[in-house]
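To keep things simple, chains are lettered A, B, C and D as they appear, and every chain counts its residues starting from 1.
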Amino acid sequence: MELTGSILVLTGAFFLFSAGLGLLRMPDTFTRIQAGTKASTLGNILVLAGLGFYHPDWALKLLVVAYFVLMTNPLSSHALSRAAHAIRTPMAPSTMVDALREEGDRQGNGDVS
Amino acid sequence: MGLPVSTLLMTTGFLLVLIGMWGILRHRNILRIIIGFGLFDTGLHIVMVATGYITGGTAPIIDTALGIEQATTRAVDPVPSALVVTAIVIGFSVTAIMLAFAIRIHDARKTLSIDALTESKW
Amino acid sequence: MKAASSLLAVLLFGAVFAGIVGGYGERESVSALAEQYLAMVPRELGAPNVVTGILITYRGFDTLGEVAVLFMVAAGVGVLLGGKDTTTASEPGREPRRPSELVGNGAEITLPLIFLFGAYVIKNGHLSAGGGFQGGAVVASGTMLLMLALPATKLNHGFLGVTESLAGVVYVGIGILGLVFAAGFLDSHILPLGEFGTLISAGAIPVISALLGVKVGAELSVIIDRFRN
Amino acid sequence: MNEQAPTDGKGIRGLPVLWLLLFILWLIVNASLATPILITGAVISFAIALIFARRSNVWHIAVTPRSAWHFLTYTSVFFTELVKANLNMLRYVYSPRIDIHPGIVRVRIRLKSPIGRLALSNSIALTPGSLVMDVRGETMFVHWLDVKTTDPDQATEMIVAPFEKHLEAVFG
């Protein structure tokens, strides 16, 4: 029981570490946000699940926390990336297409609202 | 064994105080000075809480982890914690007033640098 | 020159602090006052959380003063920022960006949960970690999210002001009731102690805690809203 | 609850769902079924639900057995995609050279209800290599870590389709 919990917490910590590494290694803002969001969400959920194995009576509260993380984490990354795009944060040179900027230019106002 | 918990906490708190002091002394932007003040404040709170720590103590809340009869021997000192709640509220109030003044100064001078405020120099 | 003197000042303070930390031995037992509190709060007040017992009953007058300070800050910030004309807020020729639909809807979903959590923290002040100030801060953070995610929202200042004043008046009224029916101002024994460790227990402490929570939440929301203009 | 009922019935429809949700949450965080907790929980969650159900139409959800079933399948699809996304990310992060071609493409969404769109965008943000940048009407702009196609229809098929059919059944 406790072993399972420990393994889950350790896996979660590994994913969180990968999130940090991804933040360092990715080429531009948006890809960094992507790496951070995904790995940290799964990492958090795994840590919470591991805690649930340690304290089975906390299981429901931890479930609520996990749903809260699932709901807010991608949303905050969306808000960050949207703001970053609006102030024209440079994208990586390997970027292929930017449909959002084209859309903003087509509407006539250079500012992507 | 390592260092005692209260020493670690006090070191952290005093380091925060020093960082805040450096920020207050060296930065010319009012917002940064206010952030320095916030660090200073937080560091002092941590130091205050650290002085209340008892070796091996737990939170002063009577529940399944802390029986009512062992409360006087196993709990940490509650008085600094109660004082820190007051200190946090007062620190918040001071920060709010400082930010309001910063906004007024920005309205009047269109700048946030304290170099522009020469008439308050002596 | 300036940098050198600043560095010197910080280093001197650092040396003083290092001396304090080096000479500090961790305490092995609580002081006499703390021992008194730790023994008396659960027995006399029936509150498991000793810190809340101290804050709301033994140092209740101090807490009242703290709330008064918060009130004065709200009034002071209002005086400093309230008289401004709103034309400076948005520069001409630049339209404010449209807020994101997803963020707005997400805020609509999370806000009830945040306020529920604030109510939970306020309600638990005498049982576990929590209380009026902490819960009020949670509620105010919810207000902040509301203003960030949905900038079109207007806070109802009249309602908040009335709520806040009413909570303050009831708080002082409970204090005076303590003067009449129990040992002194803000004595929590005007209500029965109830069963130890349940929601309805510890005399008037949960009531005062809830009032504090409402008052602090309303005041912090007003202060945050003042900064938005 | 009768006073100043909005004429178009906005808000009141979402009230029972929100009230029930908040009440269950209250019981979970309190971890107790004592009478005072039940009573205060009912009152507090009703007050909060009354305030927030009026504010927006986010909470207009109909709960039926069919939608509950689709919600469960959606959850399982979602978690497999989440794990896949993470393994994918690990491959990028630990590879000696990051070889990707990011870009922003447009996809179409059919969902109408706000909460459905929110759930869809959150799912997209947590699945392999995609992140929602903006939503305008029926077009969604998605940042794609490794662009495979710029055609809206194909991109929709690849990014949105796995979730949309379940979410459509749940939220409409």
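Observations on the structure shown:
Keep this in mind: contacts are C-beta pairs under 8 Å (C-beta built on N, C-alpha and C of every residue); 3 or more make two chains touch, one makes a residue touch a chain.
What you see is a predicted model, and the numbers here were worked out from it, not measured in a lab.
Two chain pairs, C-D and A-C, are compared here, and C-D has more C-beta pairs in contact (counted per touch definition above). In this assembly, the C-alpha centroid of subunit A lies 32 Å from the C-alpha centroid of subunit C.
One simple way to say how far apart two chains are is to compare their mean CA positions; for subunit B and subunit D this gives 39 Å. Between the Cα centres of subunit A and subunit D there is a gap of 15 Å. Chain contacts: subunit C has residues 100, 102, 106, 109, 113 touching two or more partner chains. Not a single residue position of subunit B touches two or more of the other chains.
Looking at subunit D, one finds that residues 25, 29, 118, 121, 132, 134 touch two or more other chains. Chain contacts here follow an irregular pattern that is not a line, a ring, a star or a complete set. Interchain contacts (touch definition given at top) occur between A-C, A-D, B-C, C-D. Here subunit D touches subunit A in the complex through residues 25, 28-29, 31, 82-83, 85-86, 89-90, 92-94, 98, 100-106, 118, 121-122, 125-126, 129-134, 136, 139, 141, 143, 145, 147, 150, going by the rule given at the top.
Only residues 4-7, 10-11, 14, 17-18, 21-22, 25-26, 51-55, 59-63, 68, 71-73, 75-79, 81-82, 85-86, 88-90, 93, 96-97, 99-101, 103-104, 107 of subunit B touch subunit C when the two sit together in their complex. Across the complex, subunit D is touched by residues 15, 18, 21-22, 25-28, 30-31, 33-35, 37-39, 41-42, 57, 60-61, 63-64, 70-71, 73-75, 77-78, 81-82, 85, 91-92, 94-101, 103 of subunit A.
Those residues of subunit C lying in contact with subunit D across their complex are 100-102, 105-106, 108-109, 111-113, 115-117, 119-120, 123, 198-200.
On the subunit C side of its complex with subunit A, the touching residues are 94-95, 97-98, 100, 102-103, 106, 109-110, 113.
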